[in-house]
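First comes the structure, then the notes that go with it.
To keep things simple, chains are lettered A, B and C as they appear, and every chain counts its residues starting from 1.
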Amino acid sequence: MAVITLTTDFGLIDGYVGIMKGVIQGICPGAVVIDITHDIPPQDILSAAFLLHVSYPYFPKDTVHVAVVDPGVGTERRAVALRTSNAFFVAPDNGLLSFIIEDEKVEEVVNLNNPRYRLPKVSATFHGRDIFAPAGAYLAKGVPLKELGQPIDVEDLITFPIPKAHREADEITAQILHVDRFGNLTVNLPMERVREKGEELVMIRLPDEAHPLRLHPQSLKIHIGGYEISGVRRTYAEGNLGEPMTLIGSAGYLEVAIPGDSAAKRMKMKVGDEIKVRIDRGC
Amino acid sequence: MAVITLTTDFGLIDGYVGIMKGVIQGICPGAVVIDITHDIPPQDILSAAFLLHVSYPYFPKDTVHVAVVDPGVGTERRAVALRTSNAFFVAPDNGLLSFIIEDEKVEEVVNLNNPRYRLPKVSATFHGRDIFAPAGAYLAKGVPLKELGQPIDVEDLITFPIPKAHREADEITAQILHVDRFGNLTVNLPMERVREKGEELVMIRLPDEAHPLRLHPQSLKIHIGGYEISGVRRTYAEGNLGEPMTLIGSAGYLEVAIPGDSAAKRMKMKVGDEIKVRIDRGC
Amino acid sequence: MAVITLTTDFGLIDGYVGIMKGVIQGICPGAVVIDITHDIPPQDILSAAFLLHVSYPYFPKDTVHVAVVDPGVGTERRAVALRTSNAFFVAPDNGLLSFIIEDEKVEEVVNLNNPRYRLPKVSATFHGRDIFAPAGAYLAKGVPLKELGQPIDVEDLITFPIPKAHREADEITAQILHVDRFGNLTVNLPMERVREKGEELVMIRLPDEAHPLRLHPQSLKIHIGGYEISGVRRTYAEGNLGEPMTLIGSAGYLEVAIPGDSAAKRMKMKVGDEIKVRIDRGC
């Protein structure tokens, strides 16, 4: 059974999402359609790109991910679809697939300009209904990607730069990747908890280093917005109400939180802002 | 695979929608159930009627549309279902199907009073669960409409008057049909963009005129709430932040918007209010 | 077709629910997944427990109900699943199944500790994805409950006490079980409307009395937060704007409401608070 996901900033109030699903069922009857979210902040392409990046790995092979955050709808911006060995992605060509292009080996990209795989009338304001939902549904139905339009080079897709953490000696400079609805901050430091020789360690994979760091969770001092947070906790339950803490978020990144409060507001941090992580070897 | 849509003012917080879907799966296992919206403003029948009107054309043939905005639940108001050549509609008899009755040739209407196709116990407060969801599910399962209750004449259904735009010489008087969550105003002027002899024109279909008007988009001057807006744009992207603009909305109606602001609030316009569109032939 | 329900406090903004559904489709392709709600107030286990209690009876036999409100995620609290003759329930062992254990004869309970039926990596912060969604999906797929982990006694599950109404002579003492999003109050008095000898009566089932009371709706005087409300109405439509009223809610409990206002706020009542119902035999 084909699976299609939807990620948009359309909200659930005005019926736009329901209409997209109607179009999908008309083309690919019985498709399983799953909402990732429709509450992306209006026109926040980066936020949608990040959410897609952390969500798609949990879907079955060959799922078709349709993402529509589309400030340029009706302009010259292209509608595109791409195929990797794991999944299909359908979106406006506006940077929404930036993370995916880094995550995956892209095998094929097309410009969704074959009118046969759009609705007969294409409006200037709702390509989610007229172009993206049909494209997703035809892919889910098994139409080969190349039928949907002309091939384009993956290098020609619009992407935004994804900030990378880097280390100099014992200081790591990292950036805020995402702020969730509770004001928790996701940092671009991929982390994992591992157990070695009876000890719980955190393993940090820095993008430009061949070998992951293995460190005691207490050895990390996080400097952010004037605060210093010592150590990386396992769970929210280990934190204290109102006190800044860090843990490894469910997407496998360092996360900064203040239980019962918004870290983003209290620390005045937003996407792109820098933080420092110092490694205290004496610890 | 049968498709059922749901349109209600129940919200998603209290579990009512989930319960309706449970009832549906019990009667018609595997039915594809699609939410149009559950965020109709409480008891706003007109808003639900409009949303159904703009949404149902995008669903597969024979979709069963169940709509429940039901201030009269538990009173003498009837529960009804009707069939057109395209779809089924199930709703309280309170005007919710007013647009549908205008849009479609209604082939059959019944009063949903056959207890066999309701839940065994019918509460006085939740007919969405006890009457409407079961009716929708039995129709999706293929039970003939006439089994669900006694036939009634379509003329006997309760409807509210739908305001119609009309033209005198070069002035069109029209009305606000709907206000969306951004405060954008949908006007009862069906419009389409057409290309003729290399020119982009807007085609306006007035309900009491045999032939559509074909006009240059710049020839239209929209007078609304003390504002004059010149011309009809193609996309939101052509507007300027904070400046009133018009375009053809995704449902094929004239739409008045203020990028970054609520046109409804700024212009103090609400559903039913009048606007004027002047045609400037000199243009 | 297997049906799985989801009840969480995850909200729909951050994509967590979509990820759970992706995991489910990967394990049990084509499963019908129904949201009961994802808007449980954060960490409000009691509210989730109540909603599950009033919702599950409307789902098909053998539906798998997955509920995740989990303040103790990542701590020593157990993840459990149980089977009754009607359905499966999957949840953290924190009281979330308290009502279910009272409602149903529990046939089997397991601790969800078999790693084979979890995701390969289990995070410390998102067991909805890593443990509960997989468990629900495997059960929906037909894996026997006992495969999912070690058996435990139902008596060993954590439950919270569910307050019970009781009667002394003509005075019933009852408690608020739930407050809905409109501020309507659900009281732990199971009621039903019956018609006997041409008269409409309310039938009240008190948990420690063998025979239900049969009373004229007007004979009940409800004393709550300093207000006295006379009689039990059939529908909201019988109430007056701003005036306290009672009726039998859709879940079959006495409900206290103020049309157009929040009874919870106006009467300063919350879950657990006591109310009195006096039976006026002279009536």
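By definition in this document, contacts are C-beta pairs under 8 Å (C-beta built on N, C-alpha and C of every residue); 3 or more make two chains touch, one makes a residue touch a chain.
Every value quoted in this text rests on a predicted model; they were computed, and no experiment measured them.
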Inset, instruction - Quick one: label the inter-chain contact graph as line, ring, star, complete or other. - result: complete
Inset, instruction - Have a look at where subunit A meets subunit C and say same if over half of the interface residue numbers show up on both copies, different if under half do. - result: different
Inset, instruction - Let me have the rounded angstrom distance from the C-alpha centre of subunit A over to the C-alpha centre of subunit C, please. - result: 34
Inset, instruction - Send over the residues of subunit B in touch with two or more other chains. - result: 12
Legend entry - Contacting residues of subunit C [partner subunit A, same complex]: 11-19, 21-23, 25-26, 29-30, 71-75, 123-126, 129
Legend entry - subunit C residues within the subunit B interface of the complex: 1, 3, 5, 7, 12, 32, 34-39, 51, 54-56, 58-60, 63, 180-181, 193, 234-237, 247-250, 252
